[in-house]
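Got some structures for you, see below.
The following pair of complexes shares a single chain, chain A, combined with chain B in the former and chain C in the latter.
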Partner chain A sequence: MTKTTEGSPKKVQRVETAESMAQKQREISVSEFFLKNRHLLGFDSPRKALMTTVKEAVDNSLDACEEAGILPEISVEIQQTGDNRFRVGITDNGPGIVKNQIPKIFAKLLYGSKFHRLRMSRGQQGIGISAAGMYGQLTTGSTTVILSKTKNGPKAHRIGVQIDTRANKPTILAEEEIEWLPTFYPAQPDGAAPVEPVSFKHGTCVTIEMEAAYIRGRLSVDEYLKQCAIANPHLQLHYRIAVLKKENAKADNGKETEGANGAPAAEGNWNTFQRAVHHLPKAPAEIKPHPHGVELGILMQMLKDTHARTLRSALSQDFSRVSDRAALEICEKAGLNPKANPTRIAHQESEALFKALGETKLMRPPTDCLSPIGEEQIIAGLKKEIQADFYTAVTREPEVYRGNPFQVEVGLAYAKPGENQDLGADDPVRVLRFANRVPLLYMAGACAMSRAITGVNWKAYGLAQPKDAVPVGPMVILLHIASVWVPFTSESKEAIAHYAEIIKEFTYGLQECGRQLSVYLSRRHRQAEADRKRSYIEMYIPHLALGLREILALNDKQEQAVVTKLSDMLERTHLDV
Partner chain B sequence: MTKTTEGSPKKVQRVETAESMAQKQREISVSEFFLKNRHLLGFDSPRKALMTTVKEAVDNSLDACEEAGILPEISVEIQQTGDNRFRVGITDNGPGIVKNQIPKIFAKLLYGSKFHRLRMSRGQQGIGISAAGMYGQLTTGSTTVILSKTKNGPKAHRIGVQIDTRANKPTILAEEEIEWLPTFYPAQPDGAAPVEPVSFKHGTCVTIEMEAAYIRGRLSVDEYLKQCAIANPHLQLHYRIAVLKKENAKADNGKETEGANGAPAAEGNWNTFQRAVHHLPKAPAEIKPHPHGVELGILMQMLKDTHARTLRSALSQDFSRVSDRAALEICEKAGLNPKANPTRIAHQESEALFKALGETKLMRPPTDCLSPIGEEQIIAGLKKEIQADFYTAVTREPEVYRGNPFQVEVGLAYAKPGENQDLGADDPVRVLRFANRVPLLYMAGACAMSRAITGVNWKAYGLAQPKDAVPVGPMVILLHIASVWVPFTSESKEAIAHYAEIIKEFTYGLQECGRQLSVYLSRRHRQAEADRKRSYIEMYIPHLALGLREILALNDKQEQAVVTKLSDMLERTHLDV
Partner chain C sequence: MPKKKVVKTAAPDAAPQVVSKQAASEKIQEVAEEIYGDVMKKGRKPSMSFPVRSLANVKYDVKRGHFEILNKTSTRTLSYNTVKTFAQSMRLLATTKNDLLDKDDIAGKREVYYNSKSWGECRFDEQPESDTLLDDIEAMLSINREQLGYIPEERGGDVCGPLTVIDLDPGTNKDIKIDCTKLGTGAWSIPSRVEHLRFQSKAKLVLVVETASLFQRLVHHRYYEKANCILISMSGVPTRACRRFIRRLSDDQKIPVLAFTDGDPYGYCNIYRTLKVGSGQAAHINRYFCVPQVHYLGVTPQDISDYKLEDATHPLEEADIKRAKDALKNDPFIKHHKEWQQALEHMLKLGVRIEQQAFAKHGLNFVLEHYLPEKLKKGQFLP
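Take a look at the complex of A and B:
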């Protein structure tokens, strides 16, 4: 039987045909897509939106300063302007942005300089800051305002942009040349100590107004900035969070408030995280793709795009770690002419080439593209912000996942129980996660770093640990991954994907630190034991001496000598630790 | 002091300027973005890639059939062609696709008919099937081949496409008009019972070759298809997974194998999930946005785009649940002229309008846009695939999150301990998650449905439950969310975001089912208790009767009467359940 099945049409309300369906097919712009899916970008709650905006702007400022060889100094100003509205302004002393690039950088998703290269940087997608502006526009209808002055430009530019989400293109709403404000750092409110003004000769300032919520705590802007200062000790960071008084916020819901024109102004003081290191971290180099991390489709695309004239030179020029000799060997293995035109390699030939590349032994990718924080700097950063008794850190050697070099660092800070109020002896340890020096606050549960921590047997190092959980104790664990391409689990860049190579490296790093911790803890344990014994000795020996004095009829001096001798002897016997 | 800080340039390797950085800014195509981030689309491992590909193709086929009012019949054929290579072919009896739409639908990300409307469907992004083709292209360099015939077209089209990832545009590599193959369903291998061939008069067949891995188990294609049949009882589903014998796979790595030309062919039988319901589910209606779920930025965009000539008619035409009278009320509240041109509403006016919309009481969104599975169908689906002793299901009333209507369903199947080998009495219960009738296999930990399950106090219903975990027992829990816009946590659509409204609805649904379970379990418990008592009675009464017989010198008949009477009396006393 040959059968054909179709539903009875009378049951169906509206029946489409291939032709009517074709009418409805449409392109979806990437802005429309992310506007509807804004939780993918970290804008799912008002609180998180505020943190994400600050993070994206600060990331960009730090990247720009470092690329331009400028020691970064950044100010973050958050002002409440209504019940659930905030104006966020981030200013840096970076190189500034050329005028005609400003609209696209701030109001077009998937636009940037970092996606197409293999180099370690905080930004990598070309989405973040435009997404923050788009969120502001969505929730308040407002315009992103950018003020920027380059080193060589005579004046600064002030540009207001929105995203045309249908087309994913910037719409310029305001544009003017102005004098760069020499001083951005306002005086303190009455009563506070006066602060020296700071001025930047060049740089960029971005201001976005948005629906948001400011709540202190582990997921707050404050926490982000604090962790940012730990991982970037070369950063001078000023910030001010000015919140409306309750009654003002209620009365003035949704409208801008300015102290100058009589409306109630938000109040809040400036704070500064002082720079602890006065030189820039080593600038990471840009690298070429490594053959062992390239997929067949990418190889075919690269051959099509190459500027080299022979297959052999394409291999040695466009890939890292392929010497001229190795290129020849690969061509021979694949049965291809090394002088062939690389843009004309057929599908089957490129498959053979792909196989040959995989089978050829090559040096691992270069690692000068990575710029780890460094063991000393991690310990310095932890000491600066976390009061503890024991600090240690490990920077592992670089490794490779899917052809991408990466490097892992782990730090520990252990406080004596009871000596740091933030670190309870019976609480799970605090975990600080970083990727390319950027703090990751959300989605800890989904992160490869958390997996590595729970996978380590902490009992072996002297900590309590519930099954499949983080250990318990008055401790902070810092983890950092540096890579030319950090594999995040979502566009909001909050958690690291579970690559086995990455989890393994973190595990080794944690174990190394754990062993150091174990040495410290057992020394401390022995010390405590010794202290306990000493207190026994001090308590009982005088009584013993008194008894001896009576039995042997000693005088005061002799009694004292007995006490000293007995103490010495007992301490020597039991306290040789 | 006014200070300006810059790093000493001699320490820096390459210093960028605003101008040099501007040179490097570039647009990133959405294909490039997702190619590099393919784990976001569900292509992070070879095993998952296979499942995701089948899922995306089957989702599209089901959507197309239902929209065209056709009872869906689909075949899935997976053939191993090399060590880690598979060819995946999905054929449906749908309405077919108009020729000029085929390239964009299968080789352009963010293209489709489902994103811009508010209507329940499996697909919603316009990414899935093109992403699967892109993954095949990336890993094997191969071409996606589509064969499609519409009802009215005289012949079928066969088109081969790849994505130009730089431009996110299709490249057509082959195109021909052919006769639609009347029979796709091949004969069984020797020894198996002959199968009737099936032919579709029209429909679509897509074939993708890719790097993949086939592994059975909870995350496999088999499991996906099985769950798909449970949630879509109106679907007739044929499938065949043909895996190379080990030695063949090794010998023939990476090359196509065809039984016909002498190469070793993969082997595997066809299986069919029979349709259990012979009519289509109620077709969901398309709705307009509800004012209470629209953000200010969207409202402004809608006013700009409206075809209405007055503000009042724009409100009543473009939104759901805004009557003409309500529109007038809203305009008055906002202090705006109802006859104003809606496309010329200023920023501040639209803020007032937004506020007025929020403050106006309106009916909840219509719910005919939702098509739940239904309590009876859920129980039928569970009975068909899961052997158990007790079944129950609940379809909750529709609710709203962020203006989007959604509806939640929960089903339970409880097996007598030991009677279903797949359901261990000491194992965590099995959870089947569905969104718009699509099974969700991965990322259970990140899903709002899991959160709802662990949040319920199952001990109250008679199940053991470790802290913060799913309950333990020989049970299956089925959860389904139907919505015009399912809020997934990532583009790969594997988990539901944690909206409080959604978790609440699932919790209520689970509790309702839990109460039914509790009634069943306590009845079963009392029954077991009764059985136990009855066995005591049966054991001891004859002895008692024997004792009485000796004391009272009863004869056989009298003794038997005593046994009967005592049994009756005791059973009546203790077993009145």
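Take a look at the complex of A and C:
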């Protein structure tokens, strides 16, 4: 990017020359760019910054644990340190990080293991956690502190880093070896006395201090973690927040003054989102691109870069689901020699090849590259965090958009009206959106998942639905897309782009769940009707028996026999559900 | 106590069957035993049958002169829809037997309704519910509710004139003589039970009037002396006690009865017809609660022109027209008497109704100085 507009002729009399202009033109570091465009990464408001930081750290921890085959145990601790200042610490029982890598991972943008491969994971670009550290550094001048211990290391490393925003390089401010083990403080599910703390031999803890704001609600850290626990039922998650007590209810003025932080932060209790599934999700495999989704430019690039010597082998080696025979078929369709040099094809006949690729029938992309949550696990996750009466989930078969396999899952939890205070019978249903198991809280309106929900005719399944809107009822809808490359609408990763294939899959998933819901609702309706009748019958039969008893001077046993017999008779004829 | 169920004291038409309290109590027990047997021995849903109580289930027995019930019955089998009514019937039967019959007590209809408030969810929500059920039970047992211990709330009617009623003192059971000419400016009220009354009278006529105000006028001017008649005010449709009283008085003293009501379909088809032949609702007991010997004095549609009262009438309302047409079509009594059909059709043709008080047009006392004497002299009455 150049800054040619600076020093425009209007303002300055002297005329710039090409040479003088060239002196002002210089490279901009990625870090500098993001510093000025922090909203792109989800740091646009203090409230959102807090959530984004937690989200990036938890994503990384989960990815690391799963890749290392460790059942994840994570704690999130948030402490208010000043009026608008919070210290966020995230600890995991992951494999730990080798000392040399620590500074780069936490203080260099676009550094990561996940960008260069087609493999399903939560993080993708390697920006998140470094951006969080950078945000903290920018707003409070603080240092990101990392504690990490690997299984084999005798001691833990404690490293303090800042990011050199010009050079996009880490600056190490402190470095030492200390005795440390990641330790967790599980809370009892029913709020009983906490059990013994649990320590692990390996893990990482990152602490960032930043300007932020903590507000409860649908867009809060609390909600994020709860949803995270739903989509990751194999995760044991501990959470604690300590907020400064406001003196003399100064918050009433709506003005945060200097003296507001007099009282020490109250020590909150640990909250534990219990693990419901005791095995890790299937590890996703890395895959090659599927021919049905590659764009022409990418196809040309792949042909140029291939190690294969013939077109036929290039096709079968570099793409997934292209067998030797299929490669031959593609060549025939395109009218190309299977033994041709791929590099030459790239320059001259790639368009014909591209067309042939699209027309050839191929197997769906392999599904082992995707790791859906799974129907049972979704239900387990919903059950443990959302009190409801009916749960269902559907995992669709994988599909492809632009050559990227993706898989869609939908879950439903329906509470009896009044059963769950959070789910009002007259409120719009609650929608939980996830991409690769990561909760998406913001920008629901722009998301393909919302489009799919409003596009389904929920009235057919027994729910009220205002025109072109989310249905109404005491219900939670969970939507999850798993993909090697999730098409977000922006870098802050909050909404899924409107690909027709994706909306279609979500629609089918929602309809399938909807059908099960309507079966449940009509059965419940019949049941309620039967219950109503039964209680009506049971209300009056004893009076009938009492009348008989009084007239005929029956004894208790005889009276009871009449009640039993009559109830049986009536229920048999009126309550066949 | 003798185990006779029905004790007959007179000819069937002369008085209602007098059923002893014990017999009534045993009858309730029989019903309960049948239900208990159905449930426990036969293993089937119990049911209760009642005679259908409506005009559709009566015929006009000309010989006896009243509505006689036919044999249509409705059966209430225990089901989801009837379980509440069924339970209420059982409890009401139990109360009737244990609290009224066996303890020789009485209760008003409204008291029955309030008594049910102790039954929890089985209680009656409104009094019409308990009234209907009481009528059901009365019909089912074929014992009128007075004999079950239920007393009507409404007053029976007022009496004035040359009549001595011999009643009993409730405390001492000694005779009390009531001279109905020595009641000052008031009148004697017919009690709810009249079977025990005895009469002495030299009157030539019993004149039954609809409205209390006309009754007051006749009493005020001592019309009963002039015409040597017993005056009775019904205040609308006559109660059972009122009907029974007139019947007994007329039978006992051999005095003819004439009715004087408003000239409208309600006066003809409801007040007069009920007085004469009974009602469709209580058809099962009509034979006691009717006055077949009564004749209709007025006001007839013909009187309107005869007495030049055309400008003292009111147009018939829709309900009046409907009532008249309905009676012409469905009422067995009207259908039997051509004169009544003609009268109703005459009224429909005129399109007006006339009140008893309309004679005031010609002077306040025109009714007793001219109308009544002239009508009595003429001696032409509707059947």
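Here is the rule we use: the second predicted complex is superposed on the first by the 421 of 577 C-alpha atoms of A that agree within 3 Å, B and C clash if a C-alpha of one lies under 4 Å from a C-alpha of the other, contacts with A are read in each partner's own complex, and residues count from 1 in each chain.
Operating definition for what follows: contacts are C-beta pairs under 8 Å (C-beta built on N, C-alpha and C of every residue); 3 or more make two chains touch, one makes a residue touch a chain.
Keep in mind that this is a model prediction, so the values were computed, not measured.
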>> Can you tell me whether chain B or chain C touches more residues on chain A?
In response: B
> Of the partners chain B and chain C, which touch A:I551 in the superposed model: first, second, both, neither?
Replying inline: second
>> Looking at A:P154 after the superposition, I want to know if it touches chain B, chain C, both of them or none. Which is it: first, second, both, neither?
In response: neither
>> Just checking: does A:E351 make contact with chain B only, chain C only, both, or neither of them? Give me first, second, both or neither.
In response: first
> Just chain B (first), just chain C (second), both, or neither: which does A:M539 touch?
Replying inline: second
> So, does A:A561 touch the first partner chain B, the second partner chain C, both, or neither?
Replying inline: second
>> With both complexes overlaid on chain A, does A:G445 touch chain B (first), chain C (second), both or neither?
In response: first
> For chain A, which residues belong to both interfaces, chain B and chain C?
Replying inline: none
> In the complex of these two chains, what residues of chain A are touching chain C?
Replying inline: 533, 536-537, 539-541, 543-544, 546-548, 550-552, 554, 558, 561-562, 565-566, 569-570, 573-574
> For chain C, which residues are in contact with chain A within the complex?
Replying inline: 28-29, 32-33, 35-36, 39-40, 43-45, 78-80, 83-84, 86-94, 97-98, 119-122
>> Can you tell me which positions in chain B touch chain A when the two form their complex?
In response: 1-9, 11-19, 21-22, 24-30, 32-33, 36-37, 39-40, 44, 64, 67-71, 73, 93, 95-98, 100-101, 104-105, 108, 110-113, 115-117, 125-126, 137-141, 150-153, 165, 182-183, 196-201, 236, 254, 279-280, 283, 285, 295-298, 300-301, 347, 350-351, 355, 445-446, 485, 487, 489-491, 497
